[in-house]
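Here come two complexes built around chain A, the first alongside chain B, the second alongside chain C.
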Partner chain A sequence: MSDTAQKDVLLNVENLTVRFAVKKGGLFGQPKYLYAVDDISFEIKRGETLAIVGESGSGKTTAALAVARLVNAYKGRVDLDGTDFLTLEDEDLRQARAKMQFIFQDPYSSLNPRVRAEKIVREPLDNLDAVPEAERQGIVDKLFEAVGLHPEQQRLFPHQFSGGQRQRIGIARALSTQPELIICDEPVSALDVAVQAQILNLLRKLQADFGLTYLFISHDLGVVQHMCDSIAVMYMGKVVEYADRLSLFNNPLHPYTVALLSAVPSVDKKRRADTKRILIPGDPPDPLALPEGCRFANRCPVAQDRCKTQQPSLKTVATGHKVACHLVDETAVSPLR
Partner chain B sequence: MTAPLLKVENLRIELTTRDGVAPVIDDLSFELGAGESISFVGESGCGKSMTALGIMGLLPDKIGRIASGSIAFEGEELSTASEKRLREIRGNDISMIFQEPMTSLNPVYTVGEQIAEVLRAHQGLSKSAAWASAVELLDAVRIPNAQRRVSDYPFQMSGGQRQRVMIAIALACEPKILIADEPTTALDVTVQAQIFDLLNDLKRQTGTAIIMITHDMGAVAEMAQRMIVMYAGRNAEQGPVDQIIDRPRHPYTKGLISCVPHIMATLTDERHELTEVAGIVPSLREFGKNQCLFASRCAMVTQECLDNRPPEIEFEAGQKSACWHAGTV
Partner chain C sequence: MALSPLNQRRWSNFKKNRRAYWSLWIFTVLFVLSLGAEFLANDKPILVQYRGNYYTPIFNFYPETEFGGDFQTEAVYRDPEVKCLIVSGGLEDCFDDPDAIIEDAADGTVNGEVIAKGWSVWPLIPYSYDTAVDRPGAAPLPPNAQNLLGTDGTKRDVLARIIHGFRLSILFTLIVTGTATIIGIIAGAVQGFFGGLTDLIFQRVIEIWSAIPSLYVIILMFAILGRSFWLLVVLLILFSWTGLVGVVRAEFLRARNLEYVRAARALGVSNVTIMFRHMLPNAMVATLTMLPFIITGTISSLAVLDFLGFGLPSSSPSLGELTLQAKQNLQAPWLAFTAFFTFAIMLSLLIFIFEGIRDAFDPRKTFS
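And then the complex of A and B:
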């Protein structure tokens, strides 16, 4: 931990909020807002990986899209290397985008089917115009090699590649502008298990080789455990727990995190014997009519009265471990123990 | 030992493709006892779902057919049974739940009507009796307020609830075998855990045997007693789940287990490089060759693997592996 404390912070996100207008009521009805991401903050140190985990509808992908300005944030700051990315305009924004690239979930729909692989990888270079034209082909060659594709495959179209190879093209495209931060939105969930390992190993190798920083969005806790240095757990648009890898997996504190971890099926016989599965019945609340208290209270097995009326804030309970739960104090013991 | 509930012997299913006839299932044999649960594991394109469709008699018309071998359900041959007889068996004795709970329910009928339809068709219940049973079934799959939710349309339910409705439909006639084709792939982990619990409880109460198709070794470990690892239409390995996870005898099984980052009991600082299974599943054109089809991705490959299809080698407790080097894996 002493080593990482010295590293500087590359991405600092503060009070990020994203809301969508939802039509409700008649012609003159007030628009209602759905807060997909509600006041979240996190930071990523250079060369590290932060994972945002959560189930569908938790807001993890929206948060990632907002960081990259692929959806508009309603409030908040996204400091990338000291400048607020959200306030940049025009040319400054275009240049800043080079520092932050995106790898998408679906390698089928995220590549243009009519464009050859080399052009897909080269396009960001052409758009940014930062590199002289003569050097661009050389960069594409290097990128193809770095992601494990053959040079002769540059002339092929996306449909001629398998899912794993397509994801490699997506990664090469993200790398082409020499970004500092890569946002990976469920990069392996559309792939077969054996191919997942290839891509995860590649991502880790590239991180070591190029000193990349990842914001990693995933619902798969096994993958997250393997890839990340710290983890933010989201539920209904809020970060409910935020900790480094070992603290989160060895001492999960928020009842939701505990339930989530206990639900993951395991091949480890010891883990299956040790973990008591905590079932959380029911469904998450309606995002348009959020409860005034803790958003997890209606499904929480240990909820008390104050949980239903008072919203818990994200507070530090141990070094590098934050949790938003009324029932966790400085002793850092989960209420489910 | 009594006769098995389902006995599949030397099953071969062929698909007609543009490049000719390809055996998508090639010489598959297995048995399923009453109340037992087994799992088919493998990547996509390995023939897991084809096996299920073959058992159900739902192979795509004119494209797929059972070329040889037998599927015997309680001694009755299914591969040659008439369409009429198959229709009686499907839903009554063997039923199936599918991966995508949204597309497998009819969006224009209420869930109650869809559950009642099965009961009326198979058991000849009256409309009102079938409806009453539908409410009971919804309650049994733990949908809260079943009395009211029975009149809901599929779009009014969440993904997990829709899958529960699918389970209710599949279990309406108390089948002897339930085939679950990737039942939780589209669902969140907490919902997956609930569905697994539900399936296990129902199995205990009704004694239904479960065939689960999945690619997740963790799910296999939680749900099944025996597993069958499929690769390129062939049986790579089969046997008791715990035993195979402890000591896989086929390099493909070993790869499938170690390529996934599992959450272990205690997490430590070290992170191993994940074991890669290089390459991808061969295309249908390669299926049926007289060699080990895994050879191109295998780290232990020798000349023998390329020359001849490996025989099944038996180990203790019925563990079988189709690998020339099974003894040294």
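And then the complex of A and C:
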């Protein structure tokens, strides 16, 4: 990571918290809050890819939506290239959105069924008025070429495309504003495996061609390993481990991460034999009644008494490796070893 | 304009519903015909040729003096004297014995002298909706060759009134439903799109608004401002726009969290564009389902108001007023039958058409 250390930070997220009011006891009752994302921080350097991984309900998608201001954050800072994205309003926000784009999980519902492909890609251009009208068609043509679609497909409606092609339209749409950061919310989880690989390779190629930075949300560690420079593992709204790709995959420290990695199937016989499958019994805790201590304590195979009473903070244990676990110290050895 | 594949499919689905398809045709023909009601039933000729000049009395005002008469007022074209003046080219003798001169002038000469023979083209029904028919007997008069559907209590031709009344009903309904639908859609869209507090407050306002007894307000406003077509239009719009709000609001509440709406928001698309380009077309099906009820409801409420005597001014050709006359003159069944069949046919045609439209828009319905 020595060469990337000089790169400047494009996105810096600090103490981001998102909560939803769940229930009100009567008209004047106190609302209960569900903390979907609880005080998380991360940063992405220009041209790199950060993955947020976690199981369903861990808050990874909500975190991404909050960064893009598609849901309102309760508190925190989202600095994109030096400006706090969360404080922008109305017209400033509309213009600033050009720098941060979103690729959605489901290519079937993220395209308006009544709008033609070319119009979908062109809409951001029409909207932001950054490009003169005459040049817009040319940009659309270039984007279609860049994502590997034929120009004659511009006139078609979304339902006339396959899932992979639809996701390509989604990518072209995200690229049309010439963004610096693209948030990919599980961009391949709705596609079958062969198409997944095509889309992932396309994303990597586009990253190289356009100098893009990705915030990549996924639950698929295989995909993450292929795509990312650094990884944040989320559990119940908290980041439990945050490291660069190599140190996370070679030396996972948090018991949850270890269990997660041990669940990745492998075709390599030797690796299969080496990996001890770690089972985590039980279910995640009720997000409305979170435990006092570590949120993973009730499922952790090595949990101690203090895990149930004290919440661990995210601390740096080795260069570029942060983990939130009481049982990991500066020696950076997983408690499961 | 080329139809999108989706709309082509809908149109072919609609055509497969024969009842709806033919209803649409019959209704279109009837409506287009009634749009030209002045040329179908009027007490003025469509075209007059008088001494080599052409006159169009439906569009222009001509005093009687134009045709050699005495009065500065508009020529009464149904008068035998005026008819005679036109045919004979303005002979003075017309004031003494017009019928004889009209007969005599058929060959181009009167009493052996050559005259400037004129002619006039009359509509099929030579009465307008407010023309008093010149026929002996006590009104209402039964149907005969002169009045195909008889006359009403004030000796006005029923067929002429039906033709004008049909147009009035349909136009009234189109204006009221069209405006009410647009207002309703905008209100529902705003409510559903923004949700939260906007929705809550708006919804309470609508509840209060729809609790106002509209009939009383209409009676009161008519008493204060006097009866008029446009006042009734405005009042009915004010009380009928709430009908669609619920449906559109529900559709928008559902659509606001769809991913393509989120995508549009992430792209920096303005709220108005998201609402009307991305969400409304997809909410249109539910809206269309409601529309036939609103349209037939508006036609009926106009008829009801007229029947109660709180509707349009009594001189206007209204179907509700015809129904009222039918009730008052039970000895003249042609009034009741005419009113009944007019309503039955008009409402059935509309229901059939909209039934077809609704089915054609239903993506789950398959057609053989």
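The rule we apply is simple: the second predicted complex is superposed on the first by the 332 of 337 C-alpha atoms of A that agree within 3 Å, B and C clash if a C-alpha of one lies under 4 Å from a C-alpha of the other, contacts with A are read in each partner's own complex, and residues count from 1 in each chain.
As a convention for this text, contacts are C-beta pairs under 8 Å (C-beta built on N, C-alpha and C of every residue); 3 or more make two chains touch, one makes a residue touch a chain.
Keep in mind the model is a prediction, meaning the values are calculated, not measured.
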Checklist entry - When the two structures are superposed on chain A, do chain B and chain C clash or fit side by side? => result fit
Checklist entry - Does chain B (first) or chain C (second) touch A:D92, or do both, or does neither? => result neither
Checklist entry - Does chain B (first) or chain C (second) touch A:D84, or do both, or does neither? => result neither
Checklist entry - Between chain B (first) and chain C (second), which, if any, makes contact with A:N112: first, second, both or neither? => result second
Next on the checklist: Going by the contact rule set out at the top, does A:I280 touch chain B (first), chain C (second), both, or neither?
Outcome noted: first
Next on the checklist: If we overlay the two complexes on their shared chain A, which of chain B and chain C does A:Q225 touch? Say first, second, both or neither.
Outcome noted: first
Checklist entry - Given the touch rule stated above, what does A:P124 touch, chain B (first), chain C (second), both, or neither? => result second
Next on the checklist: Taking the superposition on A as described, I'd like to know which of chain B and chain C A:D329 touches: first, second, both or neither.
Outcome noted: neither
Checklist entry - In this superposed model, does chain C or chain B come into contact with more residues of chain A? => result B
Item to check | Where chain B and chain C come nearest after superposition, their Cα distance in Å | outcome: 12
Checklist outcome for this item: The residues of chain A that touch chain C in their complex are 65, 68, 70, 93-95, 97-98, 100-102, 104-106, 109-115, 123-124, 127-128, 157, 170, 173, 177
Checklist outcome for this item: Given the complex, residues on chain C that touch chain A span 4-6, 258-260, 262-270, 273, 277-278, 281-282
Checklist entry - What part of chain B is in contact with chain A in the complex they form? => result 43-44, 144, 158-160, 188-194, 196-197, 215-219, 221-223, 242, 245, 255-257, 259-269, 271, 273-278, 280-281
Checklist entry - Quick one: in the complex, what on chain A touches chain B? => result 55-56, 162, 164, 192-198, 200-201, 204, 219, 221-223, 225-227, 245-246, 249-250, 259-272, 274, 277, 279-283
